[in-house]
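Beneath this line is the structure, given in structure tokens, with notes to follow.
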Amino acid sequence: MELKAIYFLIPSLIMFCCGLFGFITRRNMIAMLISLELMLNAVDMNFVIFNRFLFPGQLEGMFFTLFAIAIAAAETALAIAIIINVFRASHNIDVRTLNEMKF
Amino acid sequence: MDSVGSIILYTIVSLTIVIFSVLAVTTRKILRAATYLLFTLFATAVVYFMLDYQFLGAVQIAVYAGGILVLFVFAILLTSHPGHSSEPLTSKRRALGLIASVLMLGVTGYSLLARCNFFNAAPEAANPDMQQIGTAILSTGDNGYLLPFEAISVLLLACIIGGIVVARKR
Amino acid sequence: MDYSQFLAMKQEIALLCVFLLVFLYDTFMPRESQKGLPVFTVVLMLLATAAGFCSHCLGTSCQSEVFGGMYFTSPVVAAIKTILNIGVVIVLIQSIKWAGGELMIMRRGEFYELLLVTLFGMYLMVSARHFLVFVIGLECASLPLAAMVAFDKNRYESHEAAIKYILTAVFSSAVFMMGLSFVYGLTGSLYFDKIYAAVFGAESTLLVMAVAFVIAGIGFKLSLVPFHLWTADVYQGAPTSVTSYLSVISKGATAFAFLVVMAQVFGSVYSQVWEWMMYALIILTITVGNLFAIRQRNMKRFLAFSSISQAGYIMLGVIAYNALGLAAMMFYILVYIFSNLGAFGVIGAIENATGKVSMDDYRGLSKTNPKLSFVMMLAMFSLAGIPPFAGFFSKFFIFTGALQGASVAIYVLVLIALINTIISLYYYLLVVKAMYISEDECPVKNFKSACSERIGMWIAVAGILFLGLVSPVYDTLIELAANSEIATYFLR
Amino acid sequence: MFENILIYFVVIPLVMLGLLALCRDIKQIRAVAVVGSLGLIALSVVTLVQYLGMRAAGVEDPMLFVDSWTWFAPLNIHLAVGVDGISIAMLLLSSIIVFAGSFASWTIKEPKAFFLWLILLSVGVFGFFISIDMFTMFMFYEVALIPMYLLIGVWGSGNKNYSAMKLTLMLMGGSAFLMMGLIGIYYHSAPEGGQLTWNLLEIVKNASIPHGWQSFLFPMTFVGFGVLGAMFPFHTWSPDGHASAPTAVSMLHAGVLMKLGGYGCFRVAIYTMPQAAHELSWIFLILTGISVVYGAFCACVKTDLKYINAYSSVSHCGLVLFAILMLNETAMTGAIMQMLSHGLMTALFFALIGMIYGRTHTREITQMGGMMQIMPYLSVCYVIAGMASLGLPGLSGFVAEMTIFVGSFQAGMTDYLAGHGSLRLVFTIIACCSIVITAVYILRVVGKLLFGPVHDEHHRTLTDATWWERLSTVTLIICVAAIGCFPNFFNNLINFTFKPAIFSVLGMN
Amino acid sequence: MGITLPLLILAIPLFMFLLLGIAGVKMSHKLAGWLGCLGMGTTLVLAYTVALTYYFCPEFTAETGERIQTIVFNQTWLAFTQNLVISLGFLLDPISALMLIVITTISFLVHLYSLGYMEGEKGFQRYYAFLSLFSFSMLGLVVATNIFQMYIFWELVGASSYLLIGFYYTKHSAVAASKKAFIVTRFADLGFLIGILVLSYYSQTFDFLKLTTDSQWVLASTQGATFMGASVLTWALVLIFTGGMGKSAMMPLHIWLPDAMEGPTPVSALIHAATMVVAGVFLVARMFPVYLLEESATMIVAVVGAVTAFYAAMVACTQIDIKRVLAFSTISQIAFMMVSLGVASNGNGDVCHHGLGYMASMFHMFTHAMFKALLFLGAGALIHAVHSNDYTAMGGLSRYMPVTRWTFLIGCLAIAGIPPFSGFFSKDEILSAAYAWSPFMGVWMTIVAAMTAFYMFRLYFLIFRWDEPDYGHHTPHDPPLPMMIPLVFLAAVSCVAGFIPFGHFVTWNRMPYDIHLDPWIACSSVAVAICAICLAAYMYRTKNPLPEKMKNAMPVLWDWCHHRFYWDELYMFITHKIIFNGVCRPLAWFDRHIIDGTMDSFAAVTNKLSRVIAPLQSGQVQMYVFVYIIGALLLGGITVLCLI
């Protein structure tokens, strides 16, 4: 048996979908952020897998992942800063209470 | 033909990814979610190693597991009491989440499966060495990544400034 | 390693210089002279704009491709950057009063730094010819904005807006990158031209999904329906200066970048894959934006929905898929910058003076503050596309561009868009009605707005009045567009 | 640019706008308004004289004073002006009504803003009539629409918010179709490979709009303009709008603005797309034919003076479009005459209604009566306006209607005898019936409002017209009578246009 | 003939109208009145000059003896097409000259009479202005050179009639009557207009001379053209005749005339007895050669005339209001003229009995104008004296008002057809023509003539004999001199007019023609007239219960006659119940609720939609994301499905 691209793609896709599920269902903003990390991670994996299996001669996918990890880190940092900010303001990080503005 | 070892490793890793992803988004305890995320990230790193991207795997562990996750843990500890579990999900919200993720899984999974060249095995290729990576990152020519490298520095700087200004008390 | 390639990025470098100078000023100038920072920034930015503009006039901004084709600049790209610069200058001028306030004392410098970085990100977006650069540009243009949205520390809405923004933005970029990974998997490259070559004939389910995700990712920033839901909340919650920046500059840059991506990356599968997607999105965007706008009372929220529907009109320039459409789109962006900034200028002035942002508070404004209401009315008329204001011309041109296609579908699309202008006129007139027709016992008191605000408004008014009537602007744009590299993609 | 006389039709109002902005008190505002509108009248008379002179000298061009200045070169948009007899007639009409309107709003509150908007409105109107470039035409058309909103909203009465909004939105709805039609025409304005153009004369010369496109674009443009021409079923803005508008605005709107619709239908829709006009006119004939009688019937039971007059306008303007669609020289001449005639008399009506309303503060005819005893001058004027409206010979309505009926009947009979169906004929006869219905509602109003005993004793103390009101009404009455007494002058003025221009297009004569 | 005099004939009244209309308010009553009389007097002189010159100057007579139709001037007024041109002109021929005389005479007398009758009325100047306007319009009508000019003045006389009927505009009844008159005639004019349109489409001309001299040739294109079973020419002529029916108050369209008596009595004399109401007759006479072409059209004219004559006579027998009696009598007499015109054609495109009917009709028009004006003016004097229109307020007046009584009696004798008064001669010719056409028609018209004599003398006796009501201290007396002169003058004319050799002046082919009385017809008609007068004398000379008994004997007939066969009620029903409540109101409702409702509903639907989709913007960021991802997936998924 050979390991094929799809064998890796599917778990990665599942990871993405789990992230999606978590993002929609979790109330805790940090949990949502965790879900987001899952999604980003899945994307990173995709790039690497494609690079490895389909286009082994170059490194574009890998580099994209490299930069994406950095971006993810930056995003997370900023998001956590904002969450903490919100927590300071309302002592609550339940996302569902954030509905002052609607309609 | 891959070795049995790599197949076993693949099985373990993919199971880990799937199981801990699911756990990370379904557990009620937020700290546990972070831990499960850590496992998933580790498993991802293992995948990178398996695919011969050792540098990337290292970065994954260093940045994600070492950096981001610590940030998470700090944030969790800052914002919630340990052991505090979030309220159970309403079934409506859960249904929405399921709909979205199943739809996503179905549509994209179908698209992936429909593409036959994804059933290729990994061809033999040289393991990119550090020098290659380093050169590429600082090169300006074709497949050179100097511009993104410089640009992301600006981005990171901005995020630092942004983070500071947001988190600062006044 | 040819570092001289950086020299091709004149405008980016100019911008980064401004950024650095502001940074240095903010960090090292003594506290008492900190008050001068806003003006300092405005002056620098003006200089940068002028430099960019002059280099265009002198013809030095020729077409060049550097970093192995990752970065690309040409007169038309320089032009859109200049347009963005002009908008930023106005935003900066209008924000002087707000940024000079006591509340901002600790964050004044950061505001400008972040703003300049986002602008840099937009520059990258419009110049990128490689998706990695594009993504970095996109993130650069959206992540610092989240911090800017959170700038009003004493307003709860500001926090709420920031969190909503950052969460959806990251989510959106995840989806976007997922799409990119599929593109990469299909074509093996992230260079635009290579994808363009590879994607032709490679139509598959996966490509469609990839395009859909890419459109969703960029559409998020453009706030196309159904990716728009963050818009209203964020616009409402953010400080007014940030909102105005978000609504015009960010939107304008993304629209242009969107066109570039669609034409230069997926142009070869235009009719097969994304033409119909765009039809659906445009119709949805215009209609839903309008429908929501009807019922808004908060001015900023109102303008958020209005800007959603305006984005739909801008997208007509994309779907036109010809040089006329491109020129019309750029002209539309330019006009939209002036019109919307006119409106935000008034909103900001009133908010700064009284803290009121509800449309109901605007009742009887024409009696107490005739000049402000006049500016607001011009802005509304321009947004609604009433001659002789610039908005009329931009709308007319964008429809003209779209109808060059002459297919039945495009006629239907334009007809729907045109019918939607009636709805939009309705809600724009609601504002005029509030100011001019409705009576109120206690209207906003007469006040004297700050000098900077007035200058900002006058610039906007000048733009609203003259951009349309004075033809060289449009003529130049259409010349640029027709000779641009994007136009060559339309013909393929 | 400024050596062309036509450009001053826009320049004068613009200068007026500037001066008005500088005005300090009501006297200056009035002075500017009166002098400016007198200037416009003088200008249109000068144009008329020069035009006739050139025609007498044998100039055969379809339009005179033609000039064109490039505006947006890439799209070939020009500021192109030119007039023929029809436009000149319209220019005369507009300047007269602006003049009368200025006097009718002599004592309006917030005069400065009011006149600013009013003059802006007239910029649009004049610009529209002098343009021969579809783009500028459309631009001026919309310029004329928007001031209506504020004029009605701020200075109006009754349910003014609703009416103003409805009017504006419906008219913008029309212009949405219109814009599409115009752009469509533009893209087919030249044969394959030729230079596309917005210029009407060139479009007509090229005659290159494919047949299939014509049958799509013609309805677009016709409906677009037809909405402003109060074509059934798009007329409902008119009663509410007129009822709520202040006097001068009603005058200008019914008197001039509604003519933009008819003029546009004629100048753009039919002028550029004759084949479609031939084939599709039946649809619009039915609609306009309905307008004619429908408006009249509705007017019969209304009790608000302005509503009555608004419905009457629907009926009369319906006749304009109806006649245009007959595609017959006589009928079209009649249509233009009807535009003139209706413009003047409806302006007179609205002026009078405004004056009466200003005194009695009611427009319900059930609450008034015997005005003849109280304000004889206004009442006599009202009777004259009514007589003009119901087509009394010697006043303008008769000439216009008769020209239309004769023309339509000729067209209808020709159709019928040629075996093309009797639609035109039948609708001509139906339209003729409107003269009776018109008489019914006019006399009803006259009888209830002016005659009979005084209904409300409080009205006895009311005064008759002031000098400015007299001036306003007398101007209009003189014009109405002038058309009624010397129709052939106008007939020739208008008619001359057709022979070279339209009818070469329509392939008639 | 130069154009100055004819032009002045038209110009002076018009000028007087404008003068009195605009400047009249500033004038004193006297000045305005005398100015009006002066103007009309001048016109009278000019008109007589022109008419007499025409009749007696040989330049207007061809060698064959035919009087030449002369167009004195003809100015293009409005050119619809090359051929269809409205001109304003002056056509001089026997009938227009005749009408010039009639109109100016009566008009002048009425001007004079009104000096007394209208003295002190509010709006005296206005009254004179309107009279001038009417005179102008009527003169313009009769001298019209083309059918459209006639239509123009036709409308103008209608309008002046409207203004004069509604002269007492503070009275509801006057306003209603004027409105009714205008609308009914307007309705008829619609027919007239369409008739003109049809005729002119085929003939390509409006011109009377072209139409009448070579009718066959001009209208050749109508040959074989039919519409709904009748020939197009019939349609055209009948429609034109409809216009005449309206103006001349023929049967279904007669209802306005009795009500028109709400106007001042001199106006009734001028407009609703002598001049305007005969315009219909004049129109048919003018178009007579064309009518000759179409048998069915003349047939209709004759039948309508005959029916109307009988109907009006019946109704006249039962009316209380003396002006109404006179009004119905007018209708009846005009119907005589119509019948006469109708029977002038033999149905084969030629005239019957040398065109006697045509001549008789014109003759009767002339004599009727004189004696009916006399009667109306007499009635005016009576009303002036007793301030009431009803005969119940009168009686035994012969004592108080001798001059009025005698002149009135002359009028009655004239209308009753007693020789040697003028009515006898003209009516006799009509009866001759009717007998020549068909004996039935002759008998029918003789019966009507008898009824005429009866109701006129019923009226006479009721006014001047019968029983004297209590006049109180205000005893009636003869009118003042300005009113007296016209009475006496008209009485004199009525006595002698019958002896004018009318056939020498006015005939259908303008050739001289000698009138000869048919003794049998003359004797029989006089005999029945005298019988009728005797009957009237028997019943009404003194107060007696006989009339009451008669009434009770035939209650239904009396009721129907008294209520004018309920025509007004029928019209009321049609206009108010059917048109107003059945058409206008539903239409107005439809407009407000359906059409406008649709427009409003667009707005409402938009609003509703906006409310419906509002929950989309729930404020929940997770919902936003959900919508986002579903949107993206659908976008891709649907495209995929479409591609497959």
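By written order: A, B, C, D and E. Residues from 1 in each chain.
Criterion: a contact is a pair of C-beta atoms (placed from the backbone, for glycine too) under 8 Å apart; a residue touches a chain by one contact, two chains touch by 3 or more.
Quick caveat: nothing in here was measured; it's all calculated off a predicted structure.
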| item | value |
| --- | --- |
| Partner chains that chain B and chain D have in common | C, E |
| Of A-E and A-C, pair with higher C-beta contact tally | A-C |
| Innermost chain by mean C-alpha position | D |
| Taking each chain's C-alpha mean as its centre, the one farthest from chain E | B |
| From chain D, the most remote chain by mean C-alpha position | B |
| Between chain C and chain E, centroid-to-centroid distance (C-alpha), Å | 77 |
| Inter-chain centre distance, chain A versus chain B - centres from mean C-alpha coordinates, in Å | 6 |
| Euclidean distance of C-alpha centroids - chain D vs chain E, Å | 37 |
| Inter-chain centre distance, chain B versus chain C - centres from mean C-alpha coordinates, in Å | 32 |
| Multi-chain contact sites of chain B, meaning residues that touch two or more partners | 93, 96-97, 100, 104, 107-108, 111-112, 118, 143, 145, 148, 152, 155, 159, 162-164, 166 |
| Numbers and ranges of chain E residues touching at least 2 other chains | 603, 614, 617, 619, 621-623, 625-626, 629-630, 633, 636, 640 |
| Shared interface positions of chain C, touching two or more other chains | 132, 136, 139, 143, 146-147, 150, 162-164, 167, 171, 175, 178, 182, 185, 205, 208-209, 232-233, 295, 426 |
| All chain pairs that touch each other | A-B, A-C, A-E, B-C, B-E, C-D, C-E, D-E |
| Chain E - residues contacting chain B, complex | 622-623, 626, 629-630, 633, 636-637, 640 |
| Chain C to chain E touching residues, read off their complex | 163-164, 167-168, 171-172, 175, 203, 205, 208-209, 211-213, 215-216, 220, 225-227, 229-230, 232-233, 272-274, 276-277, 280-281, 288, 291-292, 294-295, 423, 426 |
| Chain B-facing residues of chain A, complex | 1-22, 24-28, 30-31, 33-35, 37-38, 41, 44-45, 48-49, 52-54, 56-60, 62-63, 65-67, 69-78, 80-85, 87-88, 93 |
| Touch list for chain A against partner chain E, complex | 20, 23-25, 32, 95-96, 98-103 |
| Residues of chain D that touch chain C when the two form their complex | 70-75, 77, 135, 138-140, 142-143, 146, 149-150, 153-154, 160-161, 164-165, 168-169, 172-173, 176-177, 179-180, 183-184, 186-187, 216 |
